[in-house]
Every structure is written in structure tokens, then in C-alpha cells.
Amino acid sequence: MAQSNGLKIAVIGGGSSYTPEIVEGFIRNYDQMPIRELWFVDIEEGKHKLDIVGNLAKRMIEKSGLPIEVHLTLDRKRAIEGADFVTTQMRVGLLAARKLDEHIPIKHGVIGQETTGPGGMMKALRTVPVILDICRDIEELAPNAWMLNFTNPAGIVTEAVLKHSKVRSVGLCNSPINVQKFLAAEYQVPEKDVLPEFVGINHLHWVTSAIVRGEEKLPELLDGGKSYTAKNVPTLGWDADFLKSLGAIPTYYLKYFYMKDTMFTDMKASLEKDGTRADIVSRVETELFELYKDVNLDVKPKQLEQRGGAFYSEAAVNLMNSIYNDKRDIQALNVANGNTFDFLPPDASIEVNCVVTGQGPVTLAPKNVPEHVKGLMHAVKVYEKLTIDAAVTGDRGIALQALAHHPLVPSVDVAKKVLDELLEAHKPYLPAFFK
Amino acid sequence: MAQSNGLKIAVIGGGSSYTPEIVEGFIRNYDQMPIRELWFVDIEEGKHKLDIVGNLAKRMIEKSGLPIEVHLTLDRKRAIEGADFVTTQMRVGLLAARKLDEHIPIKHGVIGQETTGPGGMMKALRTVPVILDICRDIEELAPNAWMLNFTNPAGIVTEAVLKHSKVRSVGLCNSPINVQKFLAAEYQVPEKDVLPEFVGINHLHWVTSAIVRGEEKLPELLDGGKSYTAKNVPTLGWDADFLKSLGAIPTYYLKYFYMKDTMFTDMKASLEKDGTRADIVSRVETELFELYKDVNLDVKPKQLEQRGGAFYSEAAVNLMNSIYNDKRDIQALNVANGNTFDFLPPDASIEVNCVVTGQGPVTLAPKNVPEHVKGLMHAVKVYEKLTIDAAVTGDRGIALQALAHHPLVPSVDVAKKVLDELLEAHKPYLPAFFK
Amino acid sequence: MAQSNGLKIAVIGGGSSYTPEIVEGFIRNYDQMPIRELWFVDIEEGKHKLDIVGNLAKRMIEKSGLPIEVHLTLDRKRAIEGADFVTTQMRVGLLAARKLDEHIPIKHGVIGQETTGPGGMMKALRTVPVILDICRDIEELAPNAWMLNFTNPAGIVTEAVLKHSKVRSVGLCNSPINVQKFLAAEYQVPEKDVLPEFVGINHLHWVTSAIVRGEEKLPELLDGGKSYTAKNVPTLGWDADFLKSLGAIPTYYLKYFYMKDTMFTDMKASLEKDGTRADIVSRVETELFELYKDVNLDVKPKQLEQRGGAFYSEAAVNLMNSIYNDKRDIQALNVANGNTFDFLPPDASIEVNCVVTGQGPVTLAPKNVPEHVKGLMHAVKVYEKLTIDAAVTGDRGIALQALAHHPLVPSVDVAKKVLDELLEAHKPYLPAFFK
Amino acid sequence: MAQSNGLKIAVIGGGSSYTPEIVEGFIRNYDQMPIRELWFVDIEEGKHKLDIVGNLAKRMIEKSGLPIEVHLTLDRKRAIEGADFVTTQMRVGLLAARKLDEHIPIKHGVIGQETTGPGGMMKALRTVPVILDICRDIEELAPNAWMLNFTNPAGIVTEAVLKHSKVRSVGLCNSPINVQKFLAAEYQVPEKDVLPEFVGINHLHWVTSAIVRGEEKLPELLDGGKSYTAKNVPTLGWDADFLKSLGAIPTYYLKYFYMKDTMFTDMKASLEKDGTRADIVSRVETELFELYKDVNLDVKPKQLEQRGGAFYSEAAVNLMNSIYNDKRDIQALNVANGNTFDFLPPDASIEVNCVVTGQGPVTLAPKNVPEHVKGLMHAVKVYEKLTIDAAVTGDRGIALQALAHHPLVPSVDVAKKVLDELLEAHKPYLPAFFK
């Protein structure tokens, strides 16, 4: 990467409550990754939040004493022009839309979740067109930029970019870095001495190997029935016999699939008690932005850690750093399948270990792909593919096929009802479906 | 095939109520397929039924005036020795076992069905070891014989034989021949002028093309939302929008997957009213055997048609005839995948069109494999593969993985409970699991 | 196929000396395939031959008493408009070009042959653009027509059409029908009782099974070291040990690959003695056209059989007949690979058994693909793919890669020299290369 | 890897003239890779050389002052027992056999070379059974050891081990490390800042990308027609147009394929002038062993560098070091294909970039696999596969198929003659063929 006079980075969705995390990451890594300009972009509806969190970012940079220019803007094109990295962390329709995604499916007896099932699908239908619009800008104004997608559903969004644009793009999730940190803590070794193997697609992966200082620890991890949890997912435990015969540790998102019944029941109970996860996040965000407003605050506040999404920004900064410095370390990322899984198309996005070079990630062949889980992976990937097709065309028939073939949906009849209600509810964000 | 002095055919499970159908088929096709010896074999528990139906078979042959010797025996080896064709149509554990397969899953909120889900799995676990035992006999005593599996779950049974024996084997189901007959009737043409394309695996196929006199009729069939029914499956209709965007006609067994909720509800209601399907079949069989006892009866009685399994014997006789006479006509059969579906292993069994030659079936490449259904096919095939592994090893962990990954099972927890109860219930027929 | 009031057939390259054969075929099959109009098209340079052979065709039809209209024309669009079948049998650059294709490589120590090596490549470079131009006409004027390519190199030409047009197209060669006839004669059975299996690509196939009346005869055929010959290829014998360990019968064109040295030596000697094959064909054609001029001749003259290309027209008429009547018989044709060979791309053309339906050919999965020959098949297919790319783009670099990777070419250096000389020699027919 | 009290390393073929190189490597890397015991094993015929070079090794270690025990032995089992790494660097039949491998093919007009063509095949036929015998010892006496194959033909030998033993094994060649060093020198950067991508199989790879400090330099390398040479291969240049349209840099061994004619001519001329390469190596070795005898010599002599095989030991020590220390750096190695190349079987050996972990190498997916070269790779891989089958079974028919399908062999006839003469010449080392 041209080592010129520092990097330009554009953060789309800069008004996000996560912004202080990524700013902290940039400051911490400045010696390896000298940033010249940092652009936070948002849309009109997000201007208020952008101002608040953007000013906190400015105070953080100022405190650091680093020569980084911070720009807050609603002009996406200016932010993207000539950028080296563009990150996206946005929510089309804001938390209000997420609330509908979580609420409506539950009314029909289906899990309502931000990134999978009918809820995840609607988020994808709203988001993909916007992301592809951003890609048009990048193709024109920053053709050498790398686009880093944190925007959920990250697997679908990344696949849409791979298929429908020429932008160099990688999707990432904080789940793998949490596994890494869990293993390092468990074995009391530095993170670099741990190598978990990830097999799967975004929010649907299995840890199929865990090398610690050169030794395979997976059998003992399975034996102990150990697992790990994350703030944004209910912490139900896994059945020990199941893990052992599975021979892999499922990501916590797989509880939606392997424990459909209890997850649904819990979700419904919790909805009645505390509202949806969107409601909870909404309350947390309100509190966070109250904090951010404090003109004396010039560090990332501790409370942000409760927000979920732990280590997202560390993952993002690691990725940029490794591309910028041709580091060739191993990171689990969302990239094109190629030949990695022979039962998926080459242009499908998958979540696996990669070596990150100056030319981007190169996929590492998984050593151990459990036969047991191929069908489930394939089924969800079919749903993802159809969802992208539906997002791009606005075809209700394709959308129906996507839902009807999703493992969380019990029948075509339910698929149809949920789909109709969700499409109607999100009409303003789905122009392709209401031409 | 050596045209010698007539064929020897062994029918394993000869005491079945279906036997008059196959006898009728043999009589009707004698000019093309001259049978010298017809051996009906059964086990001790089936001797009573074998005697009744075997004697009816003898009367039917006698009436035909054909020089076919009929043998009734409990000595499987004698029946198999030197046979040209061995057919299997058996039910390990008899209807009592089927009743448990249907009943127990429903208690746990899961569809209880003879050939799929937990019920189908248990049938497979009981049947595969017996079938492989028969294969040992064929390898030794009739190495050039063709084995025709009607025994359900036919796809799993066929795959087990492909993987664990050297016997030349084909699985078959009456579902394709019913599609053929439906189309011929619909378009008022002879059956040979109709060519439906089948894509899938046993009891999980889609009709993806329907050529009638050289023209593709699928679009108009989908448009009209036409479908067809069979006696042994509830006749719920398909959603017309769904069919159209699917671009294929699902087999009626796919209602268990695409309409899990209503199928379960109907099944439970019907169970409470009329008992399981096993109960109904049991009543029908009792009546049939009463009829069969009539020493004046020397034709297949009309009432047999209500039994379900329409045209099974026609399908079987067609297959033998085409192998014997190197006919090279097209039949939908259960055979090894090879490269047909690139997302399934080569040794998986699939249900597709084949050209039947004197050396057995050769697969026809499907022209149209809908992307939408690949995940579901793959998921069920994974379950089938694991079921075979469990049947052969008696490993409960593998059995749990099979069920936990079956699309009809809502959670690992339910899988575990259903599995435990079913294994216990079928203990006498599952020696590998109770060593 | 619309059974309307008879078929319209357009024969591109109608002035060919083969025309009487295809006319004979149409007459013989009229009861199954009622032809209304028969259009013979040629270009200005071929007008003289078109008149001669076209008038013979008219006399043959007249003698038959059938109500077939015969049209001779230079107006390709009129001939194609509304046609049901379009066949191509043309030679861009006429025999003079073939002579160069055969002559120039030999000067550089490389086999010079009409359909493979540098000669075949040049024929492809001249022909592909013309064929694609014809496809444009068919797409516009006869979108439902089937195009039957006899034009060599038939595999490359067919693949070019598959990749670069929407025309429904099949390639065919007379080599498979000759194998069929050889086996029928050898075993004294009707042709329909013989089923050879073809594995490979055009002019590079292996016979990997030979079922005669349901029994596999390949081992005894290999044991005897039997083979068959064709008029247009030197009849060298195969080594018996080689055939036996190969486990397949190679097509006679494979002698160019398996016997590079003696084939080259023979070819060079024969060139010095009798001129190239083009010279010989030229002499035969002159004699044939002398015969055709005879106004009393109203049948196909015996002498045509010496021309080579035996049974070409029988193969062509069989194919049309099976499509028209949805016959579903088995024919070896050049079609898209799909998943047939997992080491070749889906859109590569291959030569394998197909069932011919009213919707065109459906591929039969080969039962036996010898490991030994996969590399050679793959290498020649890579050459073919590059040749199509070169023909479409006029890129010399791609053309060089094609030749440099062709198994008949000993080095990059020779490839470069042969290519330069051939491109220059064929300049008038290669506008894409001399823009 | 158990970090216990130091490593045990067994070097099979310890009497090789290369031994001082590997000893130098062990000394230089001792701080990262503490070796406790170093066992040099050879056979009776090699005892004299083992003593000479083994004593030099002892003097080198002594000079280093490191606590490494050196053992010289003819008892292979003792050397292997409990070893952490076993390296093989042997030559079954010694240089006399290599001389025949080089000489006999040339008599028949075929390239005679140590690692490819008929010569390479014979080396494989002699070596594979011995290597598999060593594997039996490792399986029994050091089941956790890693076997590192330098023994040529390294690709075939590695594939044989992958297929016919349970030993954890990697093949390696010095060619990739030379590319690495060439690029580092060319761009004046440390080796770690250079990342060439290797696509292919052993001695048949292409460099398809060259990342230097994160930037792709391949286009400019191809433009300049730059290449690199090695001591053991004639330094003919590549055609610049060819390289550019190829889009990759071929390894120097590919000159045997892309320049068959001049390579053969040069080889024959050089044979007549200086004898075969075996003769030259023989003279060099005699001189080297004279030097090694000097009891005052206690370092690797400069003259060894002329021997060819530059940086072999550096490559070997790097690999051991990365496994031992779970380094996760990128090295080009010979490993199982898996899904890397979709046109080769999963158990084929390939030569590609890997990340070397404590559990061994993990394959990196090549970003750029040129279509052009797939056929050639496939063809040579088929030859390699057949060669292994022949080595294991002693089947002459399979051996004939291997040679007849090798791109360097012009015809079946030549294949047969060369094979017969070579098998006879090497009779003492080919017991499987002369049972």
C-alpha cells in the first residue's frame, strides 16, 4: 500500500455509538498505521448523533496529540474520495426497524433476530441496496480502497458486494476475536499462541480445531463441555454429549438453530418482560449518548462495553493494519469461498481463517470440515443467496423462496404471512419491492 | 443377461400383502421376461402370512397356465442361491414397530412418519443391518444377481448397500411412476410420450421438467397450481405462489418439510381420531388377508389398491424387464450420485432419471437443478449418511447428530429425548446399540 | 416440436460434395420426418458447386415423388428464416486453406491435420467467427431452430456456440456411428442392440464400455486387440499391451497423440508422394462433381463413399428425427459438459452418450472414466478453450498459449513460428487478427 | 510439540554430500530449535561416505560448542525410535542408477532427467518402496514424528506417503526458497517482505503472483522478461511474449516441457561432451569427499555450493523450526491437495504456499490459477499417480500407461521400448517388478 503521507479512512455510519471504540483503536495503532484523515459520515437522520459522537472523537484525538484530522460530514462522496479504507457500520431504518424485525416474526411463532431468520432477511433487504450504492461511489472515487463491512448481516452484505461490485471488500464479525481471546485466557497464553479454526459462514460457524502453542486442544475443550458467551446473545449452555459427537464448538448464534424451541420461548418471555433486544439497545444507546455529550469526556467510556459487539474495533483495526503492513497474520474473515467448501458456489461468502497480506486476505484451507454440518451451512447459504437476489431485484417470489427454505421457518404458509407483514412494515426502506 | 432357461426370482418379505401385485406383474410380462422359479421368503414370525398370500400366488400362477414354479420358504439362502433378481419388501419389527415410529415422535412435538424424521430413522436403524446380511448371502450365492430394494426408507437402504456391499443394487419407489401416470392422464397421451424430470433423493424429490410429446409443460402445470395425490399421504394442497416461484413440483412427501406445522397438527388430530397410519394399515391388512384366504380367489383383489403403494409392482417389473432385455427406457430410480449433484458425495444415493440398460441403470444428467432446494437436499442427505453410519456402528453419538441435524427436529434437546425413547422401544431390533 | 405442416431445413454449405448423402437420408426418413422445404445455402465462391449438387438434389427428390420443395440460394437469411433445423457443413477458405493447414505445420516438424494441432486451430480461427455470425441470424430469424454442427473442428465450434450465442445447438461427428456399426457387424446383431460408451471430447474420445445385448464385451474386444478404421485416417494398428492396460479403445484420431512419431513420419512421406490429404480430397471432389453434373444421375453415386465421412448424414438425420419425434434413443453427441466430467468447466463441449428428447439431448453419466486419460483430455480442452478465446478476440498472445500448450507441439519456439506463418497465410480469413 | 529436553532428529541418507549444509543449519538455529540428538543413518554401501561426512559433522558440532550428540549408524530403527523429525535425502541405486536414468531415455530420443520423464519415473519406482518401508518404521517407533522428504521425485514420494502410510509428512524442494531469495535481492528487501505465490506440483510450478511489501510486482517482472536460474538446470531464457501471455513465471524445470526440442538437443550435446549430469555430480562429489576427509576442516566448505541444491538445508531447517515453534509463516511445500485445485484428487500432492503451524502446514488458497496450465498440470499428475500405483504393485501395464501419458514421451511405442530397457537395467532395485 502506498506509504505516502498517511492514510485516509472513511467511516460510513460514523454516528454509531461504537465510534469511540474504533477511534481508540486508531490511536493505539497509530505508530503502525499513521492516519492523516478520519472521515465520519452519516445521513441527515443521524446528524444529531454524528455531532455528539464526532465531537467526542475529536476530543479523543486531541488528547492523544496525534496529527489526525477528524471530519464530520453528511457528504458521502467527499468522505470516500481517495480513501484508503472505507468501513461501514450502519443500520438502515435505525433501531426502529430492528424492533420490527425482532417483533413481527415472534408474533408468527418464529425467532425474531437481528441477523438471521426473517428479521435478518429484512435487514439485508434494506441494507444491500444502500451498500451497493456506496460501492458505486467507491468504484468511482476510491477504486483502490478496501471496504470493511461490519454492517450486519455481514455475510450477506459481503456476498452482495462480491457479486455486484468491483470494490475490494472484506466482511468481519467480532465473534472470532472473542473465541481467540477466550482460548488465550483459558490457557494463559498470549493471543498469538492460539489458533482456532473457523468453518462456516457468518454467524453460523463452528470452531473445528484449537491449536494452543502447537498442540490441539479441541478434544479437551469438548470434553469439558466448555463454552463461551457474548453479551448480545442469551447464555444458554450446550449439551455436552452433543458437543462431543459433533466434534466442534458451535458459535453462540447457532443456538438459534440447535435450540429453536427454548430460544424462541426465552425470546418471547423476555420480549414480554423487557421488550425486544432493540428496546434494550435503545436504552443503552440513550445513556451512552448522554455520556458522550459531556465535553470533559475525552476517552472511550467504560459503559460502551455493555453495548455488545466487544472487540469489534480491535478486529477492524487489526485487519487494516495487516493489509497496510502486509502482516500475513491469521484472522477469521468473511471472504469469497473459491474452492474452500466444494459444496458452495465460488462466489459465496464464507467465514474462515485467512492470512492477511498487503493484497488482502488469502483463504486458509480448513483441516477439518465436519460432514454433519454441511447440510445446515448449505441450507442457510441458499437462503442468503436468495436474499441477495431478492434485495437486488425486489422480487417477492424470490423473497418467499428465501424464507420458505430458511431452517428457522416452519412452513411456506408462515413464511408468506411473515414476509407480507414485514415487507409492508418496512415499505419506506424497500423501494425495489414497491415500484 | 444369460437368456438360459428362464429366470429365478427371490422375493424377500414374500408374506407381504403386496405380493399379489407383483405376481400379477410377472404374469402380465411373462412373454418378455420368462420366469422359471419364483421364491417367496419370509421369517418365522411371517410364516402364517406367507402361507396365505403364497397360496394365493400359486393359484394366480396356476390360473395363468404359465410354467412358473412357486416356492414358499423360510430358508433365505436356498431362495437366493443362483437368483437373477432379488427383491426386498420387508418390515423389520412389523407394523408394531411402525406404530412406535409414528407415535413416539408426535409425543415430543415432532412429525412421526414411516420414512422420514425420527420414525424413518428408526426404521433405517432396524433395517440396514438385516439388508446388509442379505447382501452377504447374495455376494456368496448369487453374485451376478440384481437386488431391487423397495424396502423403506429406500434411499437410505440403497445407499447402505452401495457403501457396504458389492451387490448390484437399485432402489425404487412408486412415486415417480405415479407422476408419469398423472401426466399421461392429464394430457391424454400414452405414458411413453411423457418425460418428467426428477431431481432429488428418495421421498424428497422435485419434478423440474415435464416434457409431453417433446414440449415442456412445466410452466403451465405450475401456473395452474395442479398437483397430484397418493393414497398414503394427506392431500393438502400447495400454495400456488410458492410453486410458481419454486419452479418445480415437490413430491407429496415434501409437505412434511414445507408444511411442518399443519402436517403435524393434522397428524396429531388424526392420531387421536383413527390411530396412526400403522393402525389403519393394520386394519386394511387384516381384511386383505381374510380375502386372500379364500381358496376360490385366484386374481389380485380390487381392495389391494386401497392399501397404498399403487403401481409399486409395475415399477418393479418394468425395472427387471428393462435390465433383462437391455431396454434402455427412462425410469426414475435410486442410484449412486456419481457427479450428478456436485454438492453431494459420489456414493450418496439419489433419485433421478436413468436409462436402464442390460448392465443396469445409467444416470441422466438433470437439465434443471433448482438452486433453492440444494440446501434442503443436502441437509436431509447428511441425516441419511449419519443414519447409515449409526446403523452400522451402533454409535449413539452419531445417531444423535443425525437427528439433531434433521430439518424436522426442532432442537438438540428434543432430538435427544426422542432418540432415547425410540432406541429403548426398539431395543430387540437394535443389537448394535445394545451390545 | 410443432408438427404443423412439415419441416423447414436449412443446410449451410449446401454446395458440399456430401449433400447427396443428406438428401438420401431425408428421403429415406420422410415418413417419420416430413420435410416441407429444404434450403441449400452457399456463398458466392461456392455458387458453381451449389448449382451442380443442388440440381442433383432436385433430381433425387423428384425421383422420390415426395412433396419436398428444394431451394438453392446465396441469401442465408432467407434460408434460415423460420427454419426448424439448420445444419452447417462448411469450409471457410475451401480446400486451399486446408492444404495450408496440413502443409505448414509439417515444415516445422509438427503434425498437420484438419481438425487438431496447428491445422485444426487455424480452421477454428477461420470458422468460429462465421459460425457465430450465422448464430446471430438464427437468434433473430429462427429462435426455436436447432443448429446441428458438422463443421469441423466440431467440438470447438460447438463450444463457441454454447458460450457465445443463445442458439440451441448440438455438434456431431461420424466417428461414434462407425463404432456402433462396427460392433453390430462384429457381433452380428442389429445396431440398436449395441451400446458403446464414449468418454471424451470431439476427435479425442475413448470407448470405455461396449454392451451387446446387455453384456459387457469390452474386455474381449481389448484382448483381441481389435480395432476399426475409417477412410479418412491412416490405418495404423494399436499396440495390444497398451490397449489392455488402458482398458478402453481410443478413437483413431488419438493416433495423432499416442503415435506422434510414426504418424508424423507417415504423414510426411505421404505428403511427398501424394500431397496432403487436402490434395487427395480435392481430386476426389473434382471427380464427384463431374459425376454430379450428369443430368441423368438421380441417386447418390457409389463413389461418394470413398470421400470419407461415412454415415455423417445418417447421424445427422437420426439426430433430427429423434428431436422431432422425442425418440429418446441414445446417441453420442457434442454437448455442454455440465457436471459430467468434474475436471472440466460446465460450459466445455464434450462428446458422450446422450438421450435425445424432444427438448434436445440429455447427457448420460459415463460409468467408466479412465483415470489415465483425464490429463490428456484436460490438456486438449484447455487448447480448445484458448482457441475459442483467440478466435473471438483476435489476440495473438492467447493463440500462442493455445498452441504452446497443445500436446502435439514440441515447444514454445515452434509454436511461435508455426503460428506466425499460419496466421500470415490465412490473413484474408482472419480479420480479427489483422484489425 | 513437547518442548521436553531437546529434539531428536534422524537423517536417512546421512552419508549424502549435502549433510554439512544441514548441520550448519541446525547449528545456526539452535537457539530456536534445541537439538539433543542427531542421527545420521545410511546403508552398508554408503558406510564409507557416512563415516567421512559424519565425522565432519561431529567436528562442526564440536566447534559450535553446542550440546548436540551426533550418532552415525546403519541401524535405521534405532535412529528413528522416538525421533521428532525424520528427514530423507537418499538415492536408491546411487549415482550409477541416476546415470542410467539420464542415459537410456536419450538413446530413444526422450529427455533423460533425474526427476521427470522416464528417468524420474524409474527413480520413483526404486524409491517409493524404500520410503514406504521407512514409514513402517516411523509408524511403529516414532508415530508422532514429522517426516520431511527431500528425496526426489519429491512430489511423487510425498504423495506415496500420503496414500500408503499414516506418517505425518511434508515434501520440500529448494526451488521456492530460491524464488524468494531472487525476489528479495531484486527488490532489495528482506525475504520476509516478499510473497511469491506458487501454483503447481513439484518441479512443475508457476509463480502466479509476487507481492513485495504489499504490492503486486508480477506484471513488471513478466514485462521485463526477468527470470532466475539455478545451478542444476541449463540456463536457457524464456520467450518474453510467451511469459507475458502466460501471466506467470514457470519454474526452470518447466523448460523440459516448454522447450522439449532445444532441451533435448542441448542435453544430448552435453552428454557427448561431458557425460550426463550424474557424471558431473559424481566428479563434484568425489572432490567434496576428498575435502571432507580433512580432519582440520570443521565448517561447511564453500565448494559445496557448486553442488546444486542451494538452500535445501535452509528450507528444511525453516520447516522444522516453524512446526516446532508453531511459527505460522508462509512456506511453499508439497502437501495433499484437498480442495485446492478442483481438477485434481484430494489426495494428490501439490506444491503451494502453506502456513506452517505446530500441527503442520495448512494450505493457502492460490488467488490466481492460470487456466492455460491446468491441462499440463493434470497430465503430469496423472503420470505421477500411475507411477505410484506401478511402484506399489509392480504392474508393467500401469507403468506403461504412466509413461505413454507423460507429455515428454512422443509415443506408446517409444514408451514401451524405454520402459523395457530401464526396468531391465534397474532390475536389482525393482523387486516388485521381478517377482
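Just so it is clear, A, B, C and D label the chains in written order, and each chain counts residues from 1 on its own.
The definition used in the following text is that a residue touches a chain if its C-beta (ideal position, glycine included) is under 8 Å from a C-beta of that chain, and two chains touch if they have at least 3 such contacts.
Chain identities (UniProt): A, B, C, D = 6-phospho-beta-glucosidase.
In this text the structure is predicted, and so the values were computed from the model without any measurement.
Chain centre most remote from that of subunit B: D (centre = mean of CA atoms). Once the centre of each chain is set as its mean CA position, subunit A and subunit C turn out to be 55 Å apart. Computed from the mean C-alpha positions, the centre of subunit B lies at a distance of 44 Å from the centre of subunit C.
The residues of subunit B that reach two or more other chains are 342, listed in rising order. A complete list of chain pairs in contact reads A-B, A-D, B-C, C-D.
Residues 238-239, 241-242, 244-246, 258-262, 342-344, 371-376, 378-383, 385-386, 395-398, 400-401, 404-405, 407, 410-414, 416 of subunit C are the ones that touch subunit D when the two sit in their complex.
Here subunit D touches subunit A in the complex through residues 1, 193, 195, 209, 211, 213-216, 323-326, 328-330, 338-342, 353, 355, 357-359, 362-365, 367, going by the rule given at the top.
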